[in-house]
Amino acid sequence: MKKLINAPEDVLVESLRGVSLAHPELAVDLENHVITRATPKDQGKVAVLSGGGSGHEPLHGGFVGLGMLDAAVAGEVFTSPTPDKVQVATKAVDRGAGVLHIVKNYTGDVLNFEMAAELASMEGIEVGTVVVDDDVAVQDSLYTAGRRGVGLTVLLEKLVGAAAEEGRDLASVVELAKRINGQGRSMGMALTSCTVPAAGKPTFDLPDDQMEIGIGIHGEPGRHREPLAPASEIARQLVEPILADLDAAGPAIVMLNGMGATPLIELYLMYAEVAALLEKGGVQIARNLVGNYITSLDMAGCSVTVLKADDELLRLWDAPVNTPGLRWGA
Amino acid sequence: MTDTIDTGTLTAWITRFRDAVTEKREWLTELDSAIGDADHGANMARGMAAVADKLGGVAPGTVDELLKGVGMTLVSSVGGASGPLYGTFFLRMGMTAGTVTELDATALAAALRAGLDGIVARGKAEAGDKTMFDAMAPAVDALDAAIAGGASMADAARTAAEAASAGRDATLPLVARKGRASYLGERSTGHLDPGAASTAILFETLATTIAERT
Amino acid sequence: MKKLINAPEDVLVESLRGVSLAHPELAVDLENHVITRATPKDQGKVAVLSGGGSGHEPLHGGFVGLGMLDAAVAGEVFTSPTPDKVQVATKAVDRGAGVLHIVKNYTGDVLNFEMAAELASMEGIEVGTVVVDDDVAVQDSLYTAGRRGVGLTVLLEKLVGAAAEEGRDLASVVELAKRINGQGRSMGMALTSCTVPAAGKPTFDLPDDQMEIGIGIHGEPGRHREPLAPASEIARQLVEPILADLDAAGPAIVMLNGMGATPLIELYLMYAEVAALLEKGGVQIARNLVGNYITSLDMAGCSVTVLKADDELLRLWDAPVNTPGLRWGA
Amino acid sequence: MTDTIDTGTLTAWITRFRDAVTEKREWLTELDSAIGDADHGANMARGMAAVADKLGGVAPGTVDELLKGVGMTLVSSVGGASGPLYGTFFLRMGMTAGTVTELDATALAAALRAGLDGIVARGKAEAGDKTMFDAMAPAVDALDAAIAGGASMADAARTAAEAASAGRDATLPLVARKGRASYLGERSTGHLDPGAASTAILFETLATTIAERT
């Protein structure tokens, strides 16, 4: 295992220490693994909190700041944070208007955030929850844990963060979050496995001439393995399942996301392929993001997210955001 | 000597379980690499280390105090799917055991059954979903049956351990329908479920500890 | 070779096509491989141009925009652009006040930009040049091509871009650029080699338990190979040569840069180590950047850049910048 | 028959050089991987393909037109260090040759000498710096000496080719002092210089082409 780390068990806290040193505009609670804004938002506004296992950086800690999250709770690598820590963060950011929990749909995340919400309500804090499940690689049926939450989480955090900043109430923010979740889909692929520090070796073996299609963001192998293909063919394998699942004709926000070890030169190349296919499918890309936003440690690969947009979503998208990972208009 | 398990022995069980998951940590993670996210060994070792830290040096009080402490510590130190599930297991065990200092075979069986029900209440797993349930349910059933048949606690626990490890092995061909492994669909067959594997360890250590009671 | 590409020889143009689709605020000349702002700066202001081989993204194309570059000229992967293309870009962005060429010190870049400056002056365009050579891994002596230009290029482009935006004349912008070059130093390391698409395999072999210290940004092996070490030790091996070469006590701008395949979780962890060592060395980190800013394709590793700062530099640093790769205050 | 080389033969040389660097592309890149940035083969192949594209079908005019065209095309299609250096080489060769349609041995030697001087003017390389200079300077020197000694153009070119390849081989133990390889310091020894390798090909193809003149 080749990583810039000390001991595997210290990765999370030592990395958070770096975040704390690099970003005076954030407050980092090293004991509870919670990142909040150094300057909280105004009293009376809904707070937006997300969290999950670490290893997806900049998600979620890199999205704390004006116009996006109020708090991010970091679990160990690929392991949901525990309810008590989510509860600490929820309490810390509640400004009297309730807290939205943005949860990615994984059994661990769902269970821990459920318990956290129970703890919060025992303390009289109103919590609303959206469970993001946008991954079309997984059949949403009785025979799975449901679709995973992947790339859409980034777009949702941005949009919902903007809505909360406007002063909307919790019910309306929750409704918006669920609407966004309903009209966004993602699909990802990997060229290589990632290596979990504590495991010390790649999660799966992938021969030099193979790739995984339909991966998650935790080094889970994909739905199927395919011979390595050119970017144009990979783009097709990502875009088709999305368009088969979502009537995406019309304006959309599109993200071409890297899994952590894929450089920008490749991501832009992939974006050109993906954009061409989407436009053929009737999608008008109104806004886009190209880069490493929701990663899987040192995995090489990419994912595509398509969110159907309307004037409201585009206005929320364009609203100022000032976080380490996403910044404009501020 | 009456056929009971007291807080001292329960503590020994917990300690032995800690030792075993720490020792088997790599193996559990390897199982989780195949169909999950390669952290089950780390999760269990971290959680049980936190539990041992908390127990360390403190005289065990009542059974419910002990087991609820274990559960709370797991909930607040593991995370992932296994944290709330194993946490709930011990919390419910403790609640059912009550403020006593020892359990007889029937009370132990009832506590374990409550723990299992807690896992189902949280995780909604059914038989054949390829989860820890598939090791735990047969174990608890076997324990019940053995005790109903008049077996000693030690024999009943040994039977339960065997049922758990058979249940673990039976997860091999299953297609997962819960947890991360379910994302793999058909590709999840041919692998043991990591949670079923840690559960088999849980019952194996229980049997050994009871057998070695002083 | 596992990459999200089609044919190796098309990587540059296809990637630029993605940049063009993703960034309507940029104008991309696909024939000459030149990226400029869609809206040029005001007449009478010095234009700032940089360029070099591709494979270092976001450098340079990702730094085109308000407050930073006016043009970036992209060569083939790891190959300096040719003089004619630099000349096209120089002409395109000259607003009558001359053009600064920011050149990284490599024989190829220096020779091609030299010829380009000759061509430009033949057409009556005033060109000033700064050659960045900040890499302390290389002895600056008669026995080398001199120090390489690496991480400092990013900081220099930002600062000089801000100065040009203020309306300073070419001589003063050149002088500032040279001053910045004089007081900044970098040092890098690699955990893995990169793979040049046209070569199809890693540039160098690095056993699993070894790392390269003192690498460049083109897959050149480092000055020496060392046993793989913890982050704290790696930080020491990067910081010490910088502090040995530069009296860096006092305020500084510090960058902890990823080489392309190293995820943020590791970069922040490294930043904590580096920051601690620098502070022990008397450096007060006034501003910082942590992320992938000047990369070497899919190389895993990192580099440290330290630039001694003063009030003027900090003011220029804080000035608005609005580029795909660096954005604040806008 | 007078002992000259005309534009047709010069074109054949250029074409043969293109073929050879294209064929040896992988090897040149491998040499550059060891002590550079793994692109010398791609650079030379790309540049000479562009040159061939430009020459394709066009009747060769004067020697200076031909060689200056080659030089300009290399300058505007290669990039890197080798682009301006090989580009300048051909530009200077053409300027020195002048508006003629053929060169005798002395004129050829003068043109090559001017090309070499151009490379030095741009790149400041000295003997032993481990660059293309270390193959080219011995080759040009050998050609001069052979012609001064009354050798035929073909024999002189063959001698030059041998000197170039000896010069290339002599770069093996050198510590690089110019170009990317210089960053490696002592680690640059034990490898051939890629530019010296392509220069040896340049003189080898010249010798073969002159020998096969019709």
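The letters A, B, C and D name the chains in turn, as written, and every chain counts its residues from 1.
Just so we're on the same page, contacts are C-beta pairs under 8 Å (C-beta built on N, C-alpha and C of every residue); 3 or more make two chains touch, one makes a residue touch a chain.
Only a predicted model underlies this, so the values are computations on that prediction, with no experimental measurement involved.
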Shortest chain-hopping distance from chain B out to chain C: 2
Cα-centroid distance, chain A relative to chain C, in whole angstrom: 29
CA centroid of chain B to CA centroid of chain D, Å: 75
Chain A-chain D separation of Cα centroids, rounded to whole Å: 55
Inter-centroid spacing, chain B versus chain A (mean Cα positions, whole Å): 32
Overlap residues in chain C, where contacts from two or more other chains coincide: 77
Contacts with two or more other chains, residues of chain D listed in rising order: none
Arrangement of touching chains [line / ring / star / complete / other]: line
Chain C residues within the chain D interface of the complex: 9, 53, 75-85, 106-108, 111-112, 114-115, 137-139, 142-145, 148, 196, 198-199, 203-204, 216, 218-221, 223-224
Of all residues in chain A, those that touch chain C in their complex: 2-7, 11, 14-19, 21-22, 54-55, 57-58, 62, 77, 191-192, 208, 211, 228, 230-232, 234, 256, 260-272, 275, 285, 288, 290, 292, 295, 297-298, 300-302, 327-330
Footprint of chain A on chain B - complex, ascending: 29, 33-39, 41-43, 46, 75-85, 122-123, 175, 177-180, 182-185, 187
